[in-house]
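Below is a structure I'd like to ask you about.
Naming follows writing order (A, B, C and D), and every chain is counted from residue 1.
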Amino acid sequence: MALTEEQDRDIEAARAAEARTLRPTVPALEALLFRALPVLDHGFVRVIDYMGDDGAVVQAARVSYGRGTKAANEDRGLIRYLMRHRHSTPFEMCEIKYHVKLPIFVARQWIRHRTANVNEYSARYSILDREFYIPAPEQLAAQSSVNRQGRGAVLQGAEAARVLDLLREDATRSYGHYIEMLNEDEGGAAIDPARQGLARELARMNLTLNAYTQWYWKTDLHNLFHFLSLRADAHAQHEIRVYAEAMLRTVEAWVPECFAAFRDYRLGAVTLSAQMLAVVQRMLAGEAVAQRGSGLSQREWRELMEMLGRQS
Amino acid sequence: MALTEEQDRDIEAARAAEARTLRPTVPALEALLFRALPVLDHGFVRVIDYMGDDGAVVQAARVSYGRGTKAANEDRGLIRYLMRHRHSTPFEMCEIKYHVKLPIFVARQWIRHRTANVNEYSARYSILDREFYIPAPEQLAAQSSVNRQGRGAVLQGAEAARVLDLLREDATRSYGHYIEMLNEDEGGAAIDPARQGLARELARMNLTLNAYTQWYWKTDLHNLFHFLSLRADAHAQHEIRVYAEAMLRTVEAWVPECFAAFRDYRLGAVTLSAQMLAVVQRMLAGEAVAQRGSGLSQREWRELMEMLGRQS
Amino acid sequence: MALTEEQDRDIEAARAAEARTLRPTVPALEALLFRALPVLDHGFVRVIDYMGDDGAVVQAARVSYGRGTKAANEDRGLIRYLMRHRHSTPFEMCEIKYHVKLPIFVARQWIRHRTANVNEYSARYSILDREFYIPAPEQLAAQSSVNRQGRGAVLQGAEAARVLDLLREDATRSYGHYIEMLNEDEGGAAIDPARQGLARELARMNLTLNAYTQWYWKTDLHNLFHFLSLRADAHAQHEIRVYAEAMLRTVEAWVPECFAAFRDYRLGAVTLSAQMLAVVQRMLAGEAVAQRGSGLSQREWRELMEMLGRQS
Amino acid sequence: MALTEEQDRDIEAARAAEARTLRPTVPALEALLFRALPVLDHGFVRVIDYMGDDGAVVQAARVSYGRGTKAANEDRGLIRYLMRHRHSTPFEMCEIKYHVKLPIFVARQWIRHRTANVNEYSARYSILDREFYIPAPEQLAAQSSVNRQGRGAVLQGAEAARVLDLLREDATRSYGHYIEMLNEDEGGAAIDPARQGLARELARMNLTLNAYTQWYWKTDLHNLFHFLSLRADAHAQHEIRVYAEAMLRTVEAWVPECFAAFRDYRLGAVTLSAQMLAVVQRMLAGEAVAQRGSGLSQREWRELMEMLGRQS
């Protein structure tokens, strides 16, 4: 499990300290606040703080003095209109802060989203925990033969066992040597008093990329939706997608109307190029269109047929 | 006064709706929440929402599970250390949202700060209020003769009276014609049923730059400090500085430790160039240094003497 | 015309100074460099500098050491793939810098695009030219009766004439008073030696929003495409759309392959929501779908029928 | 050495293809273009493209039509004024693009600078080279006993030898197992035809953090100066500082006036807090000030004495 007893106590202490506020407050998200949603073998996502709610999006779009003066179905209609027409600024008026524990190779993908605030645990300053990600057997996929950045069939038998052994052994050995080079025990005392110990900022380079790190990550709802549209997608790597999926649950609790609009107009939406649209129009007019003569490449044709739920 | 009775009622209604939350909460800022702090003749700043407090900065810097586990003076020391050494990311973990009413020419300066979220009242969509900024007599300054972007002595007598008349008349006439071209009364009905009325997105171009607009503006504490360090500065134009000063009061209520560090290490700080530092070192060693032979230009020498509180 | 003779001379002087470079160079854009493309009655767009070309996008996507090692049709395929799948970072590797002269109310829309670099002519520091935008008669549209931020029919006869008179008179009078308050002639001497002149940072507030300003504006190709997708769109206000259209011509000269992909996959593309896609699938299966029972609101139904080129 | 023969050939081919351009061009930077400046044991920095020069900063500050119409010493004075008063936008008008090869743990520090464009070599898609950073013996420092994120004395004798052995062995073994799990030889053929090979996006997690990656990194001059002020600083980790130092050389060749101003007003400058300034003023007035009674903490006192070049 991801948390120590002391961490659990800290979280329960934080949850015990209730205050009164005039700010927009969302009970469904308060119920999740501070709690760790487990992800992968040692990771988690937990909501640390939030600002705004569905009403804050509406209020910003109208630049109004009060809140909720309109009927609920007008507010919903406005939110759906804003999402459909890609009006981004009202969604930027909501903000959320997460505490995330994640493997370093996942952190390296995640950090590519630049419009966010990050404070990462510093291995220049502190010592990382002895925890590394080892994939579950059903995630041990072969390289895809058709997609250079995708997965194929799940490895089986001896090959799978060998991979798991290598991942576990190399991570464990590298971590052990990291501690040896640091020459520090958990209390900070020298393991071997005859040695000085390597600087932390150097020793960390011996860790493997499946070691876990953690950070505080804060962003606004518009940029969070952008992150989720890319990372909760079927083409995202499994190890980051599971984080995005845990975050989707927190967003649904937080801003249910925005979430529903996001699901309908972004997650479940498709974009047709000018040429694809022309093909659909011809098909709707009753014409039998084939890839040859469609104006689409084979790859685009296959993508269109997939969107339309047809055999290609 | 800036607010209508209806707006005051909306604000009081918002202040009546208290909720319970587990989030970090700051009573001193709750006391200000939603209330308009008047600025200029028709403008205001009011805090609409906030996220985080002094403790959130400390927590992010430590990437810790709980809050406030250290002694208060250790937290203060950490905040001061972070500010002194320009560690920006922990301050990004706090967020604040303002509703601001301001003249358009001030809005044009303000919007140059790009790392913020903005929703402005749309004059493409709605009709602006009949309100324009007219400077108070003591702000009616002449062009500075030494600084091309500064103010000199206050205008007096006939010249001052003429300027005030022109500003008032031109703004009033332009606004009157704006409404005439729109051909809409306050209820949205045609003033002259025989006319169609010009599109709002066109009619607005007849307004003068001292007309008031309003927006929601949200930013994090680091970027707010950057804004305030530039706009609460003596070199900032008076008409934006008064907004910055009202915001300083809200920041002091919100994050008193961060505010004190900002005051000491940013607002009240000076930066010495390599050459200026060399001059100070020579002076401290007892040498009588003059501008000639100092390695500083006359302008830099004057700036240094001002910093040191000396006659130049 | 937008430029004075002196400005024309400056531009020709710049065009005369050719240099040799190892950087990627695009002759078709060099032919346009520095030249003003006229927009509206006094505005223009001109390309001042650029970095990169179609090949730079490909090179960045491959993180390769050299350029153009692959066949041209592979490069084109890669660019189209990147655009279709919204890979944004390779397009960020190209950069362009414009000098733009534009009415202030257009500048206020434009500046909402935050991911760009801007240096605007400062009316705190300098005096603005006596130039204001007056719409051509065919652009003098009434407010739309169906779209609160759109235009309806073109105004005719007396109403049109009255609007043009008001716009011209108010802008001219406000500008005249601006100069009177400044009390400066073109050479910088006092018009009336008995007066001090109002500070420039104050006097500017008397200008109308159709006064022209100018700026240097620099952005990368990804963010430029985002700007163009919103501002070259049929829903954009005419007065900014004409700038976007002039810029489209410069992009086509600069990066023809990226431009073609942008046109096919962004400008000419449509996005179908999950519910819209379901409707199209039912129609393709031969079902006669009506708005009732479609799962779409009337507004969404109308939008879908427009996309598909059908009567709604 | 960092480059293969084929890469060297690509670079020489790029340097052979000269073109004519009207853009601002800097011969001193052209001389460096594409060439790799070696950094660490296998890394490098090389300039791939640039936009603008010293004159472009001046031109943007003046929003002028032409270039270089003023005397050179006026341009220098303006650049120094802009730097001294932290006017950032004119420096944003210059842009530079680097190709960098660097250890992953350095890349993780570097990427924290968000206002830049990045395309990194993808280990989801491709196979990383067999190259890892092993510190030179004189860089093998112990943990500092006074600064939790700094280095102390250089390790000697058996401890140093053991650290070097561990770093080399663990990196080599992890890389070997990475290739074994991938089951691909350099030509892309299966090493063991009986195995499928693990997906690249999974196998990479076995690499150590001193493995080398590479990217294209592009930023504007203002943000580059910010990066360099932090990373060329004495408090930066040696392994990133050496990259910053190589980049300083390219900036000096590119924009010598901006570079000189940056050196004087940023790199060599110090910032005094309000309290520190008061101490300096008292000292200049002849008072003997000690830490007690100075209003400074011991740590701040020590920092001030260091700035002033005095014994603390």
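Rule of thumb we're sticking to: contacts are C-beta pairs under 8 Å (C-beta built on N, C-alpha and C of every residue); 3 or more make two chains touch, one makes a residue touch a chain.
Remember, it's a predicted structure, so these values are computed and weren't measured experimentally.
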Field: Selected interface, C-D versus B-D, where C-beta contact pairs are more numerous
entry: C-D
Query: How far is the middle of chain B from the middle of chain C, if each middle is the mean of its Cα atoms, in Å?
result: 29
- prompt: Roughly how far is chain C from chain D, going centre to centre by Cα mean, in whole Å?
  reply: 35
Query: Using the touch rule from the top of the page, what residues of chain C touch 2 or more other chains?
result: 89, 112, 118, 122
- prompt: For the protein chains shown, what form does their contact graph take: line, ring, star, complete or other?
  reply: complete
Statement: The residues of chain C that touch chain B in their complex are 103-105, 107-108, 111-112, 114-115, 118, 122, 124-125, 133, 135, 139-144, 148-153, 155, 159, 163, 166-167, 170-171, 173-174, 177, 180-182, 195-202, 204-210, 237
Field: Interfacial residue positions of chain A with respect to chain C in the complex
entry: 77, 81, 84, 89, 112, 263-265, 267-277, 280-281, 283-284, 297, 299-300, 303, 307-310
Message: Using the touch definition from the top, list the residues of chain A that touch chain B in their complex.
response: 3, 6-7, 10-11, 13-15, 17-25, 30, 33-34, 49-52, 56, 59-61, 63-67, 69, 89-90, 92-93, 95, 97, 99, 117-122, 214-216, 218, 220
